[in-house]
Structures are given as structure tokens and as C-alpha cells.
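Please go over the structures that come below.
Here chain A shows up in two complexes: once beside chain B, once beside chain C.
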Partner chain A sequence: MPKRKVLLAEDDHMLGSLLKFRLERDGYEVVLEYDGKAVKEKLQGEIPDLVISDIMMPYFSGIELVDHLRNILKSDVPIILISAASNDENIVSAFEMGANDFISKPVSPSELLVRVSREIKRHYCT
Partner chain B sequence: MHLNKFTYQILTISGVPQIHTNLLWDLTFLFLTLGALYFISVFFFRNKLSRLSLRTKNKREELAPIISNFLFHDPEDSKAEQKEYIELKIEIREYLGNQHFRKIISQILHDLQKDVAGGTRERLFKLYKELELHHDAFQKLESWRWETIAQGILELSQMEVDESYQLIRKFINDRRGVVRKQAELATVGLRADGIDYLLDTTRHPISEWQQLKLIETLGKRSSYRPPQFKGWLLSQNKDVVLFALRLIKHYNQKGAESSINELVKHKNDEVRIAAIQCIVDFHFERALPILQRVFWNSSNTVKISILNAISALGLKKDIPFLKEVANTESSFIVVGKAQSTINFIAPETILPSKDIIDVGEARDRKDEIVLETADEQNSVKEEAETPLSDSIEVEDIEFFDEIEIPKPKEATSPDAPFVPAFELNEIETEYGDSMDQLLGLVASTGEDSDSNNLLENYNKISSPEKSRLVSKLGDSGDGKELPLLEHIAENEADSELRFHAFKKIQSIQEDAPDENDNHTSNSFDLLLEQQSVFYPLYHYTDEIDAKLILLEELMTVGDTRDLPFLESLLLEEEKIIVKRAKKAINVLKEKGEDCKSELHHGKVNEEDEKVTENPGTEQEVSFEEDNRIPMELFLLYEELGIESSNGQERKPSPFDFELSEEFFLEMKSDALTNQKEVNE
Partner chain C sequence: MDTRELLTHLEKLEYGLDSFSFSELKSAEASKLKESFEAFKNGLEEKVFGLPISDAIQTENPVNEKYDFQEGQLVANVSHEIRTPLNGIIGFLDLLQETHLNPQQKELVNAMGSASKNLLGVINQLLELSVLAAGQEKFEKVSFNPANLVNEVSFLCKTLINGKQVELLVHYDENIPKYLLGDPSKLSQVLLNLTGNAIKFVEKGEIRLHVHLKEEKNKKVFLEFVVSDTGIGIANEHLKHIFESYRQAEPETKLKYGGSGLGLSIVKEIIEKQHGCLAVSSTLGVGTTFKVILPFEKVQIHQDNENKTDKTKPVDISGKSILVLEDDALTQKLMGNRLEQWGCKAYITENGLFGLQLLESHHIDLLLLDMHLPGMDGFEIVQRIRKNPKFKNLPIIVLSGDAYTRQHQNFEKLGISDFILKPYNSEELLEKIDNNSKQMEQKIEEILVEEVEKQNEVVQTVDLNPILEECLEKTELLDELIRLFEQNILEFIGKTKMHLQSRNIQGVGFAAHKIKSSLKMLHANGLIKICEEMILECRTSNDLERLKTLFEDFVTKYPKVEMAINLELKRIKYKL
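And then the complex of A and B:
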């Protein structure tokens, strides 16, 4: 069974590395990018099976990334957003733009794994 | 020589100074070297910092997977992974000798603990202790710099190093505010009994912000069982008491009722207000008597807080106290609050009294407005009548204190149109029964007797009452009053009353059922026919010119009895006839007034003479007089060949035509002269 490709966009190197390490240990092929511009370039080449993105990122915010994926690339890839600012406005606008899930910081890597697994099952196994 | 030397010295001062060129060059090199050194040092240190930052970044990136490996290490992993973990541990132990590395790894773990949660976080704290990084933080606590101490306390508290508790709590009463606050948070965060220690030992004020942060820190503790904070209500530190009250409210510790009630007697206003607020929040109604006792010795701020508490908890039995406050207090704020509290407990007890216009005053103002309007109208009228200079100014009119309701004007002359100044309903209530009794409308037995009574009574009443009666008659809409109305229309001397009677008859006929229509219309026509001899003449021809000639003749030969006929012509469609009829009415009215005045003078003598000459034939004479027609009209009848107007055969009468009074007077004087001559 081929590994599911996950694009992880997180500007905090340590947290990104930690989550990448955890996801890779669980069998995912993770591409870590540290800013929105690099994520956008990556998406031009290949659409991953799942996108995990922080909302607050340089150049492109997570919500803009969702908009780019849904309206420009016309992709229905599952998107999980992470943010320290867990205010209602952010969450509502993220879901309105087409995000599939939302996790607030501090992130529990175990919880993130469960959510990733669930989204992939929902999207690709049904 | 001396002069030349002096001159040279002067010139050297005023001109360019003689400095050695070598010295100038030395100074130039010196400043250039200093500048270069400055820029080199800036470049060097900047470069060094950049390199250090880069190295740190690289090191972080290098350490990130190692730390991730440590954090997510599972003893049940494969042997290769276990081996890798052990090798990494050895490697990192070697690095830990480097202070810079320790600093980096400590910083990484410190940053990560903010972003991760759950089991990962727990493992992170464990790793921090395993790597003995907390010893570095302990060393920071021994620093003489307050920022280093604060950083160390923060690090130890965030990494949850329980061993640091004893070291940190010593800083609770530190003179440096930042260190003290950090120590308070760390003490509360590290152990459950940290709050007890803080409240017991702190001697410094605890700011509101700090109190909230401490409560937040307590809230982060899992399965925390707060102590009974009422014990700290006895503290000598008022900030501790205030914080204890806040904590009591936060943890809803209602068991401290008695202590809180006693706190309203505290010497500090802040504590009093906080205790009162607590009483309100917990709804301690038993505190109300204490609050009322304390009230009189309190400051205005506390008084308002007490009144707020009474408004929240008070009952109607507290209103006397509040009224006493409202009556005795000097501060208008407290008085206003007491009044609003009374209204809060018993709504609408005290009504607004300030800036409220008195009702009497309002009425006066209204009268003034009406007067002003009346004055304006008067002034407009007077301006129209008089020159502008003579016009009365509105300000001068000050004697109108009241406006009197205009009384109904009584008719000064019988010909003046009667305008009722009151409603008919009022007449009905005022005169109703008495008038009905007077006119025999009540308790009557038969129609004949009714009509007889009506007629008799009508003749007894005065002219204003007659006017009212005519106005009232016919309002019922039935034909019961029709005979009386016909009688009035036939026999009444006052033409206005006759006209009103006709109108009433008309309205009754219009309202009456169809079967009575013929009868009433006939009776109306009959009335007109009996009243005026010109009626049949008028309807004899259809030509307007002939009718106009007839009206011209009527003006010359007619009398007041023709007025109803003429007034009936006012309803004609032809305008010229209406106009001529109006003219005829005016002429006849003037004629009637002249006749009355003339008759009034010689009436008594004339009547006496008639009575003495023909005592038994008074009624006959009058009847005959009524049936007589003027001589001119007789001739007109003869010319047109018209018979008697009422269809009855004309009786031969001694005077078939009317003779003027001069004729009778001449006859009388002649007779007297003849009699004198005979006697002589």
C-alpha cells in the first residue's frame, strides 16, 4: 500500500519537525514547508493526499491557501488547519472557505494523527 | 624691532594659525583609524551574532529530529530504533558539556512546551529533567540581575520542576516587583498548596491583573480542590482579604456568609465594597440589617454600594429606611440612589419632581396660548379697522385671567334668526319632562285631547320657549307633533317660527312612510294655500315672467302672511325667482314692522271701541278679516277670473275689500262732527 502524501505547512521549525517526525513514524510521506509561498509552489507541481497548514504563516495565510486550493486549483483535497488563535471568526471563515478540520494550539500530536487518519479514510475510502 | 614683532604676533592671531603639518596628519590618521575600528567592530560583532544565530538555527534543525526521537520514543519500538535512540542519547550527553548547546536545547524544549499538549508535553518535561537542564535555571535564580532571576523562575515553573518550589517561594516577598510576581505565579502553579503559602506570607499588594493571572494559573491545575478561603478574610493585608473575597466568589464558597457580613464593618472602603458585592452575588439577605446599621457611618461610595445591595436584596419593609436616607442625606447622589432604590423595590413610589411643570401652571400656559391666539385675532381685526399706530399690542393685554364660555345670546328681535347655542340633548335633559308635562305630551289619553292640550299649552308659553319647542318638535320623527306644527305654521304671528314649523313639517314628511306622503304634502300645500292667496296664482301659470310679475305685485299688496309662501319659493330652481322672493320677503318684513309699530299706538282705543260697538261678534269679525282680500287683489282676481282660493264659496261680507285707516278716521271724525251738529 503506497504511503499517503501529506503536505505540512508550519512556520515554527521545531513544531513542524516534531509533527513531521510523528506523521512519518505513522506511515505518512510528509513534505514540510515553512511559508505560504513555498507551499503554493509545491501545490503547482503536485496535489498531496492531505494538507495540514498553520493559519498564521508568512506570505500566505492558511485561509488563503484553502481558497487557493478550492477555487483556483479546484481541488477537494482534505485540509486540516492549525492555529493558536482559536477565535470563532478564524474557525468559521476556515470552514466557510472549505477547510475540513481545525485544531487549536497547543497541538497534541496523537490527536492530530487521529484526525489525519479520519480525514483520509473519509475522503479516499468511502 | 619691537613694533615689528608685535605686529607679527597680531597677524598670526588674526590669520591662519601656524600648526605643524605633521600634527595635522597624525590627527587625520588617528580619526580614520578610530572610524575604521568602529566599523570593523560593528561588522565583527554583527557578523558574529549572525553566525551565532545561524549556528543556533542549524543546531535547532539538527536537534529537532533528535528531540522528536526522544519525545516519541517507545520502549516497544524495533531494535534498530532502540539502538538509534541509545546512540542519540550518548551523543547528546557529550554535547551537554557545551554551555551553548545546553542553552539551545533548553530553549528548544521551552518553546516546544507551548505548542504541544497531552502525552508529548509530559515526555518533554521528563526529557528536560533527564537532561538536567533545570540546574541551569537554578543557577539563574542565584543571579543578582532581576531579569535573569525572573527568567529562571519562569523556566522552572513552565517546565513544572517541582523541586524548585522551595527555591522560588522565597521570592514571594522580593522587593523587585517583576521577580515577586513571577514567584507568586510559579508558587501557585507548581503546587496545590502554593496559594495557601502565598496568602499566608505575602506582605505586598496583589494587583487586580495579578489576581486574575493567579486564578487562571489555579484553573490550569487538574483536579484542584481549593481551600476554604474565608480563613484569609482575617488577614492584616487588605489585598489578601480582597483576593480571598475574589477567590470565594470564584469558587462559590457560600459558607463564608458570617465572615463576609462582618467585613462590611471593615475600616477599608475597598474591602467593604468587595464584601457588599459578595453579599449581593451570594444573595445574603441576612446582611441587610447590618448594611443598614453600617450605612450611616460610611462614605458616599460605600453608601451607594449598600443602596445597590438593598435594591438587589431588599423588600418593601426596607422602604422606611430608604425614605429616611432620602430625607436625611445631604449628598444628592445618595438621595437619588435611595429614591431609585425605593422605586426599584416598589415601582412608581416616588414620581419625578424635578423639571416637572405644575398642572395649574400648564393650564395657565394653555390659557395664555389661547389668549395669545385670541389677541392675535383681535389685533388682526383691529388692524383691519384702525390704523396700525392705534393697534393694541399683545403684551399690553394682561387682564384676561380667564376665558369665559360665551353665553347663548337671546334673540333681541323677533325677526332675528334663532341660533341655538346649545345641544338638543341638553334641552332634552334640562327641559324634557317639564316641557312634556307642560305641553301635555305625557299621560295623554287620546289624540284629540293631545292636540287640544298641545295647542292650549303652546299658547301659554313665552316666545323663547316657543322657539325651543319648535326646534325640538319633529325630532322624534313621528307625526304626533304634526298638528301642533301645522297650528304654528298657520296661526303663529312670528314668521320665523312659522318658517321653522314648515321646515319641521317638511322633514317629518320626508321621514314619514309613503302612505302618509300624500296626506302631508297635501296638508303642506293646503297650509300654504290657506296662508297666502298668491299660492294658487303662482301655480296657475308656468311662465316665469308671469310669476315675476306676480311677485312684484306681492311686494306691493302682500303682507307677513305671505312670508311662508315666499320662503317656500327660496327652494325654487330658477335663481331669478329666488332672488325676487328674497326681495319680497325683505319688503314684507319691513312692512310688517311698520304696521306693528303703528298698531301698537292705537290698538287699545280701537279694541275698546270694537268691543263696545259689537261685543258678540268679535270672533266673527276677526274671522271675516282673515278671509278678506285686499281690493287690488280683488281686482286682479276679477281680471284673471279666479275663484276663491280655499275652494269655499265666498260669503258676502260688508267689506269686500280693505279700507285704509285714514278712511276710518275720516269717517269717525265726520260722524263726530255730525253728532255735535245734531246736538247743537
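And then the complex of A and C:
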């Protein structure tokens, strides 16, 4: 089976590196981008199998990203958002816009992996 | 003759500078580079064209010899004065290379770099020759293992062959005593030069390096070194000139093979000053043979070295990351090969600034440092490293060609951990690396015990175990994450400073939010508390002064936390 492609948008290089490492260990192909602009450019080329994005991103927030994917690119790719715990109202609007799941900071990589595999199963194996 | 050589390089440099757009760069480096270059050019012209040439024309009188000596002195002085600004040029070119250049600019800068380095090479050789000719060179008398030396030379030369169908055959006479007294660094210079030359001129065939015990008389040992090749050969009429400075057999040779033409003159001086002799014979199209006979002294009873090196306990330094700052391409190659063989990760560069950056960005266990580097010299590099408390315990081993560097009183004071005299054999190198690493680990352990005691008082603790677990116990990844963490902190400090100045409270809150997640990953509880207070402050009272106080508190406490992180990291890495 070909590797599932994950686009990871995280501007904290430390967290990004850790999550990339763990996702790759679990057999995903990971592209890590550090800002919203780069993410948008990447999506123009190809839509991955799953998108993980921090909500607070430079240039282009995670919420804007959800809007862009669902309404401009018309894609139903699973999206998991990473949020700082205090942004409750953001999360509600993110769900309304079509985000599939979220995880709050500090992110536990193991928990994220479970959420990722659940979204993949839900979306591609039913 | 030398003038022409220098000026050719200069022209190339000048051409590079002319077509280079300074207006596009506008950087301080560019103008400094230009200044440095102009100073160099003016100095050179003044020195070279200001020579009292008329004096030299008066031949056939005893003044002539004195003049030769003076000329040697003059060359030595001029070379020194050229070298300094030239080192400046090379240093700034290196800096320039790290700025954003378009491909065309990059090519031009590269061309200037290689022209400058060629020029430096010529000047170094010129200086060496003049020092030798003036009889100012002091030859050493130390005990060395000639078999090891020949081995190292042949290893180095083999790396030079690179792809050519050339075979280097070494024959070493077993009757040669194991240890001799003499100048090993000069001997290896002679052998490297002769063998290296042969490799340069042979396209296909064989090169032989034979070493025989020629004679043993009283305390003296005469060794004969024969370097023969199956190369293009040298015509009889040119043969008698080949040891003259700036002579290559035929003008075309220079074009084809490069080189300053000083190498053989240096070899000849080295041999004659040690009361040895050098002979050459050649047949066009068949090959050339150089014969060297050099006297050495016997070593009576050899010191404890014998059992020290022959000890059976294998030394293991695998897994170490070693930074090598060395400008000689051959040594770079040799080091790279050796370190790789021993299972080390080697970072090799000749650029001091780049080396310092590598230290900051990578985990390095030990530094091997050549003191004579283009641009920033070894002493400055050591100084800069020791200035940073992070590298207080980094072992720095200096590689040096001259014995008197070792007598430098301030060696230890400067922060140099150990010393290896060139040429060294691989066993020596291995042992030094091993010893110094062990010493460092011991030191760290002592510090740890001390610090752990101290830490009971310090509130700012960290816990790296959870993140290590998330890294699946991969310490290299943890290392990398800590490095990224430190960058995050620097970014936070910089951004917050800026936001506080511009009274951008929302910006401060955002930055504090970001760094809080990073701090949480390392469980740096003391700093997390400060961040939380800052976030709260931004959301509620917007008191700028209070925010400033909190931020200052963060900045003063952070170094202690950083230290705690590094200690934890070392504890984990060395399983203490």
C-alpha cells in the first residue's frame, strides 16, 4: 500500500520536527511547512491525504486554511487542527467550517497519531 | 619572476571585482572587501616596484651574497605583509558567499575565492623558501617512527590519485630502526612533494616510493628515498634547471599542470640544509627518478612510547561528532577518512566562521583545530569558543606544524585542551581524541554532581524525560529539538523586545502564547509561570510596565533554565 501523505503546517520548528518524526515513524509521508503562504502553495500542486494545521499560523491561519480547502479547493480531505487551549470560539467556527478534529497544546504526539489514524480510517476505509 | 606570478593572480582578482556589482550588495562586507583589496594592491605595487634594482646589477663582488640575503629578508617581510590583507580578502569573500547572491554573482565570488587562495598558496611557498634560503629555518630533532611516516605519506598520496590509472607502490626496508631522531615534518614535506609531483605528471602507470637503509655509521643512520615514475620525463637540457625557483621544465607544463614551480626548490633547500643530497635522472617518455639521501640519528633507548602505543586494549571513539577546522585539502581528506573509519561523524571546514556556526547548530563532541587558517586564525577561534559558556568543556585539540607553538606559555590559559604535532600518525590521533573525550566526560560528571546539589536551591527546573519518551528515546532527535527550542526562545526574546518597544501588547501576548507551548514540552515550570502571567496581563490590564518587568524576569531566569536543560541533556546522553 502506498504511504498516506500528510501535510503538516506548524510554525514552531521544535513541535513540527517532533510531530514529523513521529508521523514518519508510523509510516506516513510528511511534508512540513512553517507558514500559511507555503501551505497554500503546496495545496495548489496536490491535495494530500490528510492535513494537520496549527490554528495560529503566520500569514494564513488554520481557520482560513479550512475555509480555503472546503470552499475554494472544494476538497473533503480530513483536517485536524492544533489549537492553544484558550481559543474556544475559534474551534467552534473551525468545526462549523468543516474541520474534522482538533487537538490542544501542549500536543501529545501519541494522541495525535491516534487521531490521525482514526480520521484516515473514517475517510478512506468505509 | 615572482612579480609576474603575483600580478597574474591580482589581475584575475581585479577582473572579478570589476564585474562584481557592489551597488547590488550594499553590504558592509562588500566595501570592506574592496578596501582590503585596494590596500593589498597598493602595498604590493609599492613593495615590488619600489625595489632598488640597480644594486642587484653590480655582479662579481662579495656584496652580491649579502644582497641575496637581504633579498630573502625582503621577500619574507613582503610576503608577511601581503598575507595579512589577503587573509582579510579571503575572510570577507567567505562572508560574502553566505549572503544572498544570484548565481552569476556566486560564480564571480567563487572565482575570486579560488584566485585568492592560489595567491595565498604561492605567497606561503615564497615565504617558506625565503626563510629556508636565509638559513632561518630551525630543524627539529625529535624521535619519530619513520615507518608510520611513510605510511601516512603513501595514504595521503593515494587519495591524490583519484580516478587516474596510476598505482603507487611502496617498498620499505625492514632493517630501518623503528625510531629515529630528526625532523619528521620536513621529511614528510619532502616525500609528499616528490610523490605528489609524480602523481601530478603521470597519467597512467606506476609510481614507486622505495625507502632503504643506506648506511649506519656510529650514531648516524642514512636513509635513501627513491621516488620513480613512468611519466612524461624531462629533457636533458631542462633537467639541470628544475631545482631553480620558478622553473618548470617547459612553459606549457605550467599551463597544463599548474603549480607555482617553487615546490622542488623548497625540497632542495630542506635537504641541503640538513646535509643530505638530492639527485634526479630522467628519460623523455620513460620516466623520472628522484633520489634523496638524508642523515638521521639513532635513538638509543626508546621511551615508554613503545608499550603505550602497543597496548592491546582497543580504543573506541565511535559515535562521536568531531569538527575539523583545517585548510589543507590533503589533511582534510585524510582526517575525513580516518574519522569515518573510526565510526565518527566528521564535520570538516577551513572556514572559521562556518565552523563556529556548526558548533552552534550541531552537537559537537570535540574540535580538531589547525592554528593557521585563512581568515580567522586559530587563536581567535579558540577565544570565541571559550567566550561562550556553553562550550566551556568542549575539548579543543590543536594540530600544528611547528614545535614552538607548543611552547607557547599561554596555551592552557587560552583554553586549548591538547596538542598534536604534525605529522602525527593515526594511533596518536586516536589516542588524543579518546583521552580528551574521556576527560571531558569526567569533568561533566563532576559538574553534574555539583549542579545537582545546587539545583535543590534553584526553582527553575526542567524535565526532559517526557519529551525523550516522545522522541522514542532517540537522543539525536532530542538534541535537535533542544536546538530548535533555543532558537524559539531567541525569537521570543527578540520579538517581545520589539513589541514592548512599539507598545504592541497583542503582539507580546501572541509571542508569549507561542513560547509557552515550547516551554511546556520541556516542563520548564518556572518560565511557564512567567509566560502565563504575561498572557493574563495582555488580556486584562494591559499594563506595559508590569509586562516589561515580567519579561525582564524571564530574560534573567532563562540562562539558568538553559543550563539546566543542557545538564539534563548531557545526563541523558552519557547515561549518568
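Everything below uses one rule, namely that the second predicted complex is superposed on the first by the 123 of 126 C-alpha atoms of A that agree within 3 Å, B and C clash if a C-alpha of one lies under 4 Å from a C-alpha of the other, contacts with A are read in each partner's own complex, and residues count from 1 in each chain.
One rule holds in what follows: contacts are C-beta pairs under 8 Å (C-beta built on N, C-alpha and C of every residue); 3 or more make two chains touch, one makes a residue touch a chain.
Only a predicted model underlies this, so the values are computations on that prediction, with no experimental measurement involved.
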{"item": "Touched partner set for A:P109, first chain B, second chain C, both or neither", "value": "both"}
{"item": "Touched partner set for A:M56, first chain B, second chain C, both or neither", "value": "second"}
{"item": "Touched partner set for A:L15, first chain B, second chain C, both or neither", "value": "both"}
{"item": "First (chain B), second (chain C), both or neither touched by A:D35", "value": "neither"}
{"item": "Partner chain in contact with A:R25 - chain B first, chain C second, else both or neither", "value": "both"}
{"item": "Residues of chain A contacting chain B in one complex and chain C in the other", "value": "12-15, 17-18, 21-22, 25, 105-110"}
{"item": "Touch list for chain B against partner chain A, complex", "value": "57, 60-61, 64-65, 67-69, 71-72, 108, 111-112, 114-121"}
{"item": "Residues of chain A touching chain C in the complex", "value": "11-15, 17-18, 21-22, 25, 56, 84, 86, 105-110"}
{"item": "Complex contacts: residues of chain A adjacent to chain B", "value": "12-15, 17-18, 20-22, 25, 105-111"}
{"item": "Chain C residues touching chain A - in the complex, by the definition given at the top", "value": "467, 470-472, 474, 477, 480-481, 484-485, 487-488, 510, 513-514, 516-518, 520-521"}
